[in-house]
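Inspection log for the structure reproduced underneath, given as structure tokens.
By written order: A, B, C, D, E and F. Residues from 1 in each chain.
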Amino acid sequence: MATISRLQNPEENPRVKSVFDDIRATRGSDFINNLWNYLAFNPDLLEKTWRDVKEVMAKPSYLDPMTKELIYTAVSISNSCEYCIHSHTAAARAYGMTDEQYAEFLSIVSLAGRTNNLLNGIKVPVDKEFDHDKIKND
Amino acid sequence: MATISRLQNPEENPRVKSVFDDIRATRGSDFINNLWNYLAFNPDLLEKTWRDVKEVMAKPSYLDPMTKELIYTAVSISNSCEYCIHSHTAAARAYGMTDEQYAEFLSIVSLAGRTNNLLNGIKVPVDKEFDHDKIKND
Amino acid sequence: MATISRLQNPEENPRVKSVFDDIRATRGSDFINNLWNYLAFNPDLLEKTWRDVKEVMAKPSYLDPMTKELIYTAVSISNSCEYCIHSHTAAARAYGMTDEQYAEFLSIVSLAGRTNNLLNGIKVPVDKEFDHDKIKND
Amino acid sequence: MATISRLQNPEENPRVKSVFDDIRATRGSDFINNLWNYLAFNPDLLEKTWRDVKEVMAKPSYLDPMTKELIYTAVSISNSCEYCIHSHTAAARAYGMTDEQYAEFLSIVSLAGRTNNLLNGIKVPVDKEFDHDKIKND
Amino acid sequence: MATISRLQNPEENPRVKSVFDDIRATRGSDFINNLWNYLAFNPDLLEKTWRDVKEVMAKPSYLDPMTKELIYTAVSISNSCEYCIHSHTAAARAYGMTDEQYAEFLSIVSLAGRTNNLLNGIKVPVDKEFDHDKIKND
Amino acid sequence: MATISRLQNPEENPRVKSVFDDIRATRGSDFINNLWNYLAFNPDLLEKTWRDVKEVMAKPSYLDPMTKELIYTAVSISNSCEYCIHSHTAAARAYGMTDEQYAEFLSIVSLAGRTNNLLNGIKVPVDKEFDHDKIKND
């Protein structure tokens, strides 16, 4: 059940076809996952979403691809985004994540959920030693 | 402002002193951050929290230390835990995170926040291709 | 799957029937959606929930009805309430929301998710210029 | 820093004075906490918020008062509502919460944060045994 | 749909069998719910998760068992953890929760969600009277 | 306290100056709020964030400017982003939001927080009538 209706043949629209072609070329795969098929209801939203995902996730950068997917998945778990959890866990596996790494990832995400609640409950004051801002605001 | 009162001399309690000594030894530093000082109000809670943090974060494992801190920070940002954001961003820097890596980390965390809302808004059905469970429940 | 069991014939209870009649009259429709059928397990909870929804959403006010539904949906997306997302997106459409407006709504909700994480990550100090409180607390 | 300006003399408005008088009488105390002083900017919002808080929290009921405050605080921690965390933790103490109970409360809230992330990460299917709904939807 | 594949015969692994035996003994029931079956993919994660759940939830303590399950469920609702909501609501019922108590629990959880948003919207400053920390940080 | 250090003279970098000039021109104001000053630590992140904010918020579109700011603020409240709450509430006022409209906005955001928890607690099944997707997935 979705809040928009997927188009029967989204690639009849040339703007949609152009984005789908770029997704296929960038990923080296013919598979277009549901996200893009649904976003096709609005070519502008589709284009901008793909542009941003490509900019951040699909180019050489300062963090390795598996780490990037794990960070993405961590946020998605916290936000309870079922689709994102599935798609980015799958992507992390595609980049070589082992079962041991996944178990460790789950341990960290769980531990953070635990201490987040503990510290937000107590409202522990932040140590001055953690401050990174050199210029003081008044 | 906190919901418990920090003890004046927490290490007068030998159980607290024993945990603090282990924190100092494990980290190779004399600095005891506020979290542990506040948790000292209840030695049982202090001991179990440190045991779990040490088990997950402070031993050789399948993910590198900086990646682990980034995953921790990602969850903390989503949960809006101010203390955890500061302490684990500082830890990631201590493990060598550069400004470029931090900017990229922020891009990923932000992008995830964006697409999480987009997909939770549309409620895009999850592709069967992402299913990792071989045994089907009925 | 739900945590309470829907009653077979909720309107046998006169308090439930009275609420359902008011829902039908207020909305000019015979359709009673699941929320109310489930809440009927406790007439007190049913009555107060409907009273509050009616007070806020179903009377002439300072914001137009479609805007109100979009604000409601935005919160529901952030809280990952699947039922609320579906029912209030449908309500926004019933008040005339076009596909272009919905795409723009999704852009805003997504952008907010993005910058929320960015700013919560950096913990940017709030500008004094945004303070609206004239009386200073000490 | 707040998004509205507190009134200098809120009780000059008789509707505000009437709510404040009822708060004082219900609680048997002269202390009016900031929440009500700020809500006074809109007497309608003030009246309805107090009515609802009073209905749920300030009358004899099926759960004891300290338990109710702990449930309230648990939600407030998850939502990172600093004000609510402080006011409802203080209320739980006022109802007799001991340090041992508070430490246990923090353990539960933390454990839930941990397993919530673990299960949302794995997306474990819900056991049929937990279903409480006798009437099946199709 | 899950992000890991449940093992066909998890108890072939003696570490898994040992945990499952302890779960059965602790609960006095043969039923092993899905959470543990899925966690069996990594005996270390399984052992530590069960150890922590048992420590917090399954031993005599300062809060009664039903209250503990309600606190757990409150957090799980806020985090939108479907599995946890179902399992801990079922546990609260198993400890004797009545329909009236459940309706009241839902009222409190709902009211907290309401005032959390209200106060986070206004950013009401926290009253000094709520501060519990005797030692002032500077 | 922030996780990055604000630059003393960010506009010495021509890429930063170019973004700041565009912010000033787009808004018709010399005021550069802290968000942009902090993002200047990484010109790439600064440029892309401003590009996206400008695309969504600062051009003629299908929703009126005040409505857009209210949707933005609603998400920010749910995510507990203090900076975003202040900046976008201020923006809504700048677009003409009255105190009555703000009080109503707060009522809606609060009501949504309430029913989100209620429905996520009960896990009410979504009515088929709300489905907008014409193409069925299997």
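What we mean here is this: a residue touches a chain if its C-beta (ideal position, glycine included) is under 8 Å from a C-beta of that chain, and two chains touch if they have at least 3 such contacts.
This structure is a prediction, so every number in the text was calculated from the model and none was measured.
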Exercise. Among the other chains, which touch subunit B and subunit F together?
Worked result: A, C, D, E
For this session: Match interface B-F to one of B-E, B-C or D-F, accepting only the pair for which over half of the contact pairs are the same residue numbers.
Result: D-F
For this session: Round to the nearest whole Å and give the separation of the Cα centres of subunit A and subunit B.
Result: 19
For this session: Take the average of all CA coordinates in subunit A, do the same for subunit E, and state the distance between these two points in whole angstrom.
Result: 27
Problem set entry | Touching two or more other chains - residue numbers and ranges from subunit D | 1-4, 34, 48-49, 52, 75, 77-82, 85-86, 89-90, 100, 105-107, 109-118, 120-123, 125-126, 130-133, 137
Problem set entry | Complex interface listing, subunit E residues touching subunit D | 1-4, 31, 33-35, 38-39, 49, 52-53, 56-57, 61-63, 67-68, 70-72, 74-84, 86-90, 93, 98, 100-101, 104-105, 107-109, 111-127, 129-132
Exercise. Within the complex, which stretch of subunit D touches subunit B?
Worked result: 80, 85-86, 89-90, 99-100, 102-103, 106-107, 110, 113, 117, 125
Problem set entry | Residue ranges of subunit C in contact with subunit D within the complex | 1-6, 8, 34, 48, 52, 55, 126, 128, 130-135, 137
Problem set entry | Residue numbers on subunit C that touch subunit E, as the complex places them | 1, 3-4, 41-42, 44-45, 48-49, 75, 79-81, 133, 137
Seminar exercise, completed: The residues of subunit B that touch subunit C in their complex are 73, 77-78, 80, 82, 85-86, 89, 105-106, 109-118, 120-123
